[in-house]
Amino acid sequence: MSAWRLVEDEPAAEQPRPERSRAGGRRFLVVAAVVLLTLVGAGGLAAARTGMFAERPDGCAKPDRTIQLYAVELPKDGTQVRLGYGLTPQTASYPGPLMEMVEGECLAITLHNLVPEATLAALRTNPDHPLGVSLHVHGVKYTQDSDGTVQSGSYVPSGGSRTYTWYAQPRNPKTGALGTAGYWWYHDHVVGGPHGTQGLAAGLFGGLVVRRPGDPKPDRTYAVVFGDRQSINLRRGAATDTCDEVDPQPGPTCLIARQGERVEFVVIGVGNDMHTFHLHGHSWADTRTGTVSNGQPFADSVPIIDNKALGPGDSFGMQLVAGDSVGPGHWMLHCHMQFHSDAGMSTMLHVLDRDGNMPPGMDHEHDAAPAAAAPAIDGGDHQHN
Amino acid sequence: MSAWRLVEDEPAAEQPRPERSRAGGRRFLVVAAVVLLTLVGAGGLAAARTGMFAERPDGCAKPDRTIQLYAVELPKDGTQVRLGYGLTPQTASYPGPLMEMVEGECLAITLHNLVPEATLAALRTNPDHPLGVSLHVHGVKYTQDSDGTVQSGSYVPSGGSRTYTWYAQPRNPKTGALGTAGYWWYHDHVVGGPHGTQGLAAGLFGGLVVRRPGDPKPDRTYAVVFGDRQSINLRRGAATDTCDEVDPQPGPTCLIARQGERVEFVVIGVGNDMHTFHLHGHSWADTRTGTVSNGQPFADSVPIIDNKALGPGDSFGMQLVAGDSVGPGHWMLHCHMQFHSDAGMSTMLHVLDRDGNMPPGMDHEHDAAPAAAAPAIDGGDHQHN
Amino acid sequence: MSAWRLVEDEPAAEQPRPERSRAGGRRFLVVAAVVLLTLVGAGGLAAARTGMFAERPDGCAKPDRTIQLYAVELPKDGTQVRLGYGLTPQTASYPGPLMEMVEGECLAITLHNLVPEATLAALRTNPDHPLGVSLHVHGVKYTQDSDGTVQSGSYVPSGGSRTYTWYAQPRNPKTGALGTAGYWWYHDHVVGGPHGTQGLAAGLFGGLVVRRPGDPKPDRTYAVVFGDRQSINLRRGAATDTCDEVDPQPGPTCLIARQGERVEFVVIGVGNDMHTFHLHGHSWADTRTGTVSNGQPFADSVPIIDNKALGPGDSFGMQLVAGDSVGPGHWMLHCHMQFHSDAGMSTMLHVLDRDGNMPPGMDHEHDAAPAAAAPAIDGGDHQHN
């Protein structure tokens, strides 16, 4: 039994309220029994906590789907350690795999920590901090058992695994509870320190899209992570755009589409700094989906934007019709903070024509400082340049 | 009579407009009489101005309610001067008391400045700057007499008092004027310099909620002020969360609720820095109230978020159903800028179960650097660490 | 013919998706012919590209209106080079002329670059960077030929001219395409480097308002540009407000209106830093127009604000009824970041009474450090003080 007890009917001591405010504070009562837990290190901590909170959020009786996810050490980028999540160990990447859910769905993700303990120890900022990798998610529902934090013990030591349960809670017309459809993200919350700062800096993050039944489906989706040291998906300058003219491979470093395709962006902020996401030639509605139906009476009131500030932890997304009205071309996508874009925080959305061809004659070289000339991007420590 | 005169019908010299823009600029005429006022210091300034502007905003014929508010010097936090507003001198705190209004209401607040002049003099950045404390408010209506600024003379010398009138103007269906319902805040605008920077840094701020008739009432409300030096309500690390497991006292440093309660946050940014407000396990709609009714046709378009960037002066709020779907637990509430959370800009929303108990076995210690080990938080001067 | 080719029906290598995600990736095929262009410098670059992309966006068969715009070197501000756009060379200013369009309209702007090549060379950060001035616009539609970037070759060498075509695309009820009504801005994207950082810092920017048929018309519009070094329209302190009491000239440095007038602000962020726009005594809806109609069912949900964070590239706007309820007075307009406002990032909206008079006795002197005492504002390089 817990010492924490909240009992009603005595005015709260703090937060005095003016006369008109609703009557009835709350009283907190002392509860006699105080449970003392002897927690023996991180392992004991995790063990001690198992089963003390519900494993699954209300509404998820049983997972609808199961995913295996692997946390893996990837080749270093210069001196910077790189870690990634993957649906297989071989395909781990930064950002990690895009997750998609539909409201009402419950997803069980078993995270396997394949990152060597020595690597985690080297990233640790405090010798007392436990070693492990976790999965913390934004937007959807999860219990403390799936919080991915140290204090809830919901992380995974090297060589171990743990199942996290995410519930894309739908709207509840009776209670008025909101749904969870949106553009979200997931990330480590443990590597290096209690907020996973070193895990994030190394690459342990990815996008999550929760759709509402009836939402339009995009033709392709790109996660775009704006982070420290002027990085897009942890790259800078030429490294942000590796599209080969002859054999372009769409992915985090090759944003490409055909005119008329519905391109979806999941835009995520990580690290320490504010950024502004700007895309040339395209704009979107500042709504949940980036779109707005014309018939609706509020359509006139919705801001249409082509530049949006985001800070660490923020995520938003939108569906765009590639090249709508503006046609094919190499459309810049960059942070509009000038010293960020000048340092290489800039890439391209390459829009081909409806036949899949790029009109000739267009050099798409990035004029920003090439990544090769720049120091390795290691967003782990705080900086403002 | 004033020298300022704005007369119509001559094109403006600046801001040229394309051909299609509406016709008819405006002309500014010289008015003969120039009033010269001899202003003898701050007191004279205030005296000279009394009655020159309306005392009350249009729509407020007479205050509906009166509050006494005291500005008080509190015990220092290390070497940092602390000031607070209180409904009594004894209960002054930072943040100050939460104010609540309903649209249509007019509130008269008499501010008594009990802060010693010597304290104000020590905080002053310029020897010519007047000594006093003021009350500036966001969102609601007030005349220049209640602006709380030096240039309007609407501040209070030590030992003095002054009545400020706030009007929660309702929507006007005829003129289309907007209502003033929202999550707002109030603060000093005079201590130390013309923008009250030292008053804000010392603690002279508080939350204001203006409700619209029919708005749901929360079970409890917490003000959460994100400020300089990685502070939440001017505290950092362990000092942000003083909840006692045995006798938890809800307040600015103990955010606690029972599952199913409607918890309201008023989130405010002060100081110099951007922050991102993130709460684990809970999300809200990016609307005026943080909620959205399911029946409404635009409900599908509203972004649901769990992380929101805010800068100094910004304020927003929301009502959450504590533990909805996710159950009880120690849910982190932190700035998602990694170097901020790592430095202790992190606290907890403690959600107890429906009986008011916390499931056992959960250690809620903050892993962030304890406040004791950190230098005193004195957000008065600009810094980026 | 281009080497770029995007062909369907092979799974993408990156961005793995969970089982439920829609089937059908895309395949990228190698296309045989690779066009090699020999590009001989900037002039050759521009020449080589002419006609390779459509000159005008879809929907604009022919411009409805033509404007001549001049880029001009203005007198230095201290040591800081100043450039401006003007509808005539004589009226060039910073910000440049406010542009207004209506959805459905197509506008052709011929930019004449009157800035001496030596000036552009002195601003250049890289000797390989081409010399020129351009016009890049937010929100409305344009092809690569009007992108205003180096890589699209759409800029103007000194002494030259080039026509940019902007299309204020309206909503399309059939395709669901969004309209382009909004508060936008235009700026150079070439001076000094590939993101026009030195052109922006020198003053090459201005506001653009695109209205929807039926939108209310303001009585006056002011562009307010928040930029580096604590600047409003590149000025600071007393220089932000040059209103003469006897003969006030409305414009970028004299924001003035009569009570009851509809005042429109176009608020723009440029440079490197975040800011928060705050106006005393007035608030607005966080919608496309800053207003909301009372009859609409979502009106209850819209946040009303008086402080809004903005970063570089962001733009928003609103129409306010000057002095509504609060009456005449000198209403502060400032960045609410305390070290910004303390350094002089603060001006006034002077609201006169309905007869055009300012009630007497009100000193509107700015207490912030006068601009004369401050170093010249040269926002071109990155700084955080």
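In order of appearance the chains are A, B and C, and numbering begins at 1 in each one.
Note that contacts are C-beta pairs under 8 Å (C-beta built on N, C-alpha and C of every residue); 3 or more make two chains touch, one makes a residue touch a chain.
Nothing here was measured: the structure is a model prediction, and the numbers come from that model.
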Enter the angle, 0 to 180° in steps of 5, of the rotation superposing CA atoms of subunit B on those of subunit C. 120
Please tell me whether the contact surfaces of subunit A and subunit C are same or different in residue numbering, using the over-half criterion. different
Measure off the straight-line distance from the CA centroid of subunit A to the CA centroid of subunit C, and report it in whole Å. 30
In subunit A, what residues contact two or more other chains? 274, 285, 292, 297-298, 302, 309, 384
Touching residues (chain side subunit C, partner subunit A) in the complex: 1-7, 12-22, 26, 28-31, 34-35, 37, 39, 45, 48-49, 52-54, 57-59, 125, 129, 136, 138-139, 141-144, 147, 149-152, 167, 169, 171-173, 175-182, 184, 193-195, 197, 200-201, 212, 269-274, 285-289, 292, 296-298, 302, 309-316, 381-382, 384
State the interface residues of subunit B toward subunit A in the complex, per the touch definition above. 65, 67, 86-87, 91, 93, 97-102, 105, 107, 217, 219-223, 245-252, 256-258, 274-276, 278, 280-281, 283-285, 291-295, 297-309, 321, 324-332, 334, 336-342, 346, 350, 352, 356-368, 384-385
